[in-house]
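Going in written order, the chains are labelled A, B, C and D, and every chain counts its residues from 1.
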Amino acid sequence: MLDADFFRRWMTVTAASVEREADRLTDLDSAIGDADHGSNLQRGFRAVAAVLEKEAPDTPGAVLTLAGRRLISTVGGASGPLYGTLLRRTGKALGEDAEVSEARFAEALRAGVDAVMALGGAAPGDKTMIDALLPAVDALGDGFAAARAAAEEGALATTPLQARKGRASYLGERSIGHQDPGATSAALLIAALGESAEADGE
Amino acid sequence: MLDADFFRRWMTVTAASVEREADRLTDLDSAIGDADHGSNLQRGFRAVAAVLEKEAPDTPGAVLTLAGRRLISTVGGASGPLYGTLLRRTGKALGEDAEVSEARFAEALRAGVDAVMALGGAAPGDKTMIDALLPAVDALGDGFAAARAAAEEGALATTPLQARKGRASYLGERSIGHQDPGATSAALLIAALGESAEADGE
Amino acid sequence: MKMLINVPETVVADALRGLAAAHPELTVDVENRVIVRRDAPVAGKVGLVSGGGSGHEPLHGGFVGPGMLSAACPGEVFTSPVPDQMVRAAAAVDSGAGVLFIVKNYTGDVLNFDMAAELAEDEGIQVAKVLVNDDVAVTDSLYTAGRRGTGATLFVEKIAGAAAEEGQPLERVESIARQVNENSRSFGVALSACTTYAKGSPTFDLPDGELELGIGIHGEPGRERRSMMTSGEIADFAVNAILDDVSPRNPVLLLVNGLGATPLLELYGFNAEVQRVLAARGVAVARTLVGNYVTSLDMAGASVTLCQIDEELLRLWDAPVKTAGLRWGI
Amino acid sequence: MKMLINVPETVVADALRGLAAAHPELTVDVENRVIVRRDAPVAGKVGLVSGGGSGHEPLHGGFVGPGMLSAACPGEVFTSPVPDQMVRAAAAVDSGAGVLFIVKNYTGDVLNFDMAAELAEDEGIQVAKVLVNDDVAVTDSLYTAGRRGTGATLFVEKIAGAAAEEGQPLERVESIARQVNENSRSFGVALSACTTYAKGSPTFDLPDGELELGIGIHGEPGRERRSMMTSGEIADFAVNAILDDVSPRNPVLLLVNGLGATPLLELYGFNAEVQRVLAARGVAVARTLVGNYVTSLDMAGASVTLCQIDEELLRLWDAPVKTAGLRWGI
């Protein structure tokens, strides 16, 4: 079972890996976007880590809705409302239970990803964060490691795609050959699940 | 004796050598000024050549006063009024004679250089065109070749000087180590005398 | 590229402090990043709120004041502001007559303003939205995020601002804003990439002797790269790209806009070429504005925006405006 | 650096054509390079004529209009105009009340305006001259050409322009102009060199990580080179350089001026730092102007100009002005 602590760790581990990978995310965004994805998420997840420390919500749902709201209030750009919605809607779907099963989480995350697709209008193959998130959700039944592998594979697979959503779409065919920054950060987010679970085992 | 033809040649030979050396003059000006001396003189001497062709004044004095007026009307910057005054006042000093001796010319040119010093307030050693013009005038009694050598030596000798007039003076000690663009162009003007005389001999 | 900044993290806050110091006629909330005209809310007047990533100054903060925007929300550099800013701005300027959000069509701006509109309506503020999407460099299709909002933003903000200042109701101000956007088209060309503070180096690599046609204003590379062209050739390309998309029957407003680092001397020369092409294509120009209005940090280049107008829109364009970035008639 | 031009030879003429197209309220003589306000000569009004090398736009052509200059003479890029232009301008604006030449203190400008003054007086025009020399970066001594004219030119042109517009006589307009200059001091800092068209490459070499303190506006290198500094450190240096030269007792006008390629976002941030230093040194600021007004093509950097004012000068500063580059009150 996954408790509020686990979800808090998920957020702080994500914050740490965004910190570490910020330059790479910004570089990816500079190739096909506007060179801010790393700093956007850095600002957002710093704020998330800070607010979770301060408010220490005590259910998985409350952790994720608070984190989502905080991203919406601090990131801006396309990724702010999208990641914010992802976490907020996942959190809402988790309800008010103090602990949730992995299966329940997988279901909630799917609701979150659906909300992101509804909000941003992106479909799989549009070269967005969806291309990492959706495979991850599909693989989540097989555990965090499988989800991580699926997300990373999904992110890598955005390289040959032509972008159809977001800023990269303006480039048309010139977006081909570059990995999508949002799919890359989504893979970081999913990878952080396993790391948070391991930390739990210690 | 030097006739109107000689002075016209002086101007067109100068125009040609300014054309040839324009980039070098501009480069020198970019080191300690504002990177326009070559294009300034190019514009001016093209206009001088054109007006002399069109109006064909028939005395040495008329050639130089016309050339000087034309420089004033087309060059701008510091060098326009200064070179314009040099030629205009030299021309005025030559009076209305159809031919003038080399000695008479040397005297007139000294009047021209004096006028430049009065107008611009520069003294020898201030790192300006005066540092090429004044030695040239002093040497003119020994012929055009001597004047040329003196002017070129004078121009070279500006390198170690600190500028006290014109734009280069703003640099203070940082003007040291660069040859003055105006002294360099003045040496071209003086060198053109000999070339114009040779052309006459042909 | 070296920058005149303290540290990247404080660029926007520093600029807001400087704006506050220079413009006592504005209320600048540095912490919450909202710029409001001092006398807001103006009784009976529709509030106009815009915003977007910073780095395009004077857009939008420089257009706050009588006759134009009521408030602006600056985001991080090239990053849409967050809904909290927009809600705060709407609350500050709403007199009960409602608020119009003027939104450039970028995914980030659209999503954040949409969220803000919902939140503001929850607070009882009537909100209308208009999307600006004038950039013909981007194909407007299912396969893109749609045309970008660029130079027309200035036209929309000015003309809708004049209508609001006259006391026209929200639906009318909104429909005028929409009309201005529909009548507007832009095309931009970059001679150099800009440098964002987060990245610290040019956002894309543009070798000597090449330019980007159809550039965006966020350091996004353009549609096509070509060998360097003259001002006249660029004017031909840009104006023709616009006129391939629309054929104005009425006279137009013309904005010849610098992207940041192009000297005004060059911009005026470019205007001469743009006017030449327009004349050759039979397009009459009613008013011309030349300057740096919708910029992209230190990018060199320019954009052209045309807006087809009628007498009413021209009257509203000519109406008094008193902002840091655009000012006439008062 | 790539340029948005046709060929270097036509840059100034192209810009004048573009200026004419954008500003029907100006009479632009492209061939003879004179920009005159359309209603000149204004009966009974002193004419104000300025000019200088091009590349500093909006100075001077952008400051022609009611409440400021009567005419401007643009030279080649960074090259003083020729006397013929100034004489023509003087003749176009003289209503019999005389003409004031506003001359930045550069050898070229001084010599050409001096010649023009003589020629204009030969034509029966009464001419007065005022030299602008506000740049504290240059030591004013027998061993230099004297302090350069930079940002204060805007103050002199605006305030003397207001006095002339009110119908004050030539001697009075001249003495006000002289007073404004005497009360003004500037200091400029470059983060990059500019590129002139004649040369086609940066006028001096400024490596990454270094800046030039005490820069001129013609691509002349500055007084001193230092390792890169923050906006706050630059403000300290610039303001202190000015206040070492003069201690204003009255409130000041403040111009935080961009040299061309520095984004407005950075300029406003720099303004915040300048205001901090002024407050710390006890200098009260009556009015602040932030923007690109006295530029140096595509140079990155900024200058600070202070002008100590009294009530009369403040009144004239606030008076209406209607030009392409500066506009308020009408």
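Brief remarks follow.
One rule holds in what follows: a contact is a pair of C-beta atoms (placed from the backbone, for glycine too) under 8 Å apart; a residue touches a chain by one contact, two chains touch by 3 or more.
Computed from a predicted model, the values in this text were never measured in an experiment.
Separating the CA-averaged centres of chain A and chain C is a span of 31 Å.
With each centre defined as the average position of its C-alpha atoms, the distance from chain C to chain D rounds to 29 Å. Chain C has its Cα centroid 53 Å from the Cα centroid of chain B.
Chain contacts: chain D has residues 77 touching two or more partner chains.
Residue positions of chain B with contacts to 2 or more other chains are absent. If each chain is drawn as a node and touching chains are joined, the picture is a simple open line. Every pair of chains meeting the contact definition is listed here: A-C, B-D, C-D.
Those residues of chain D that touch chain C in the complex are listed here as 1-7, 10-12, 14-19, 21-22, 54-55, 57-58, 62, 77, 191-192, 208-209, 211, 228, 230-232, 234, 256, 260-273, 275, 285, 288-290, 292, 295, 297-298, 300-302, 322, 327-330. Residues 8, 53, 75-84, 106-108, 111-112, 114-115, 137-139, 142-145, 148, 196, 198-199, 203-204, 216, 218-221, 223 of chain D are the ones that touch chain B when the two sit in their complex. For chain B in complex with chain D, the touching residues are 26-27, 30-36, 38-40, 43, 72-82, 119-120, 162, 164-167, 169-172, 174.
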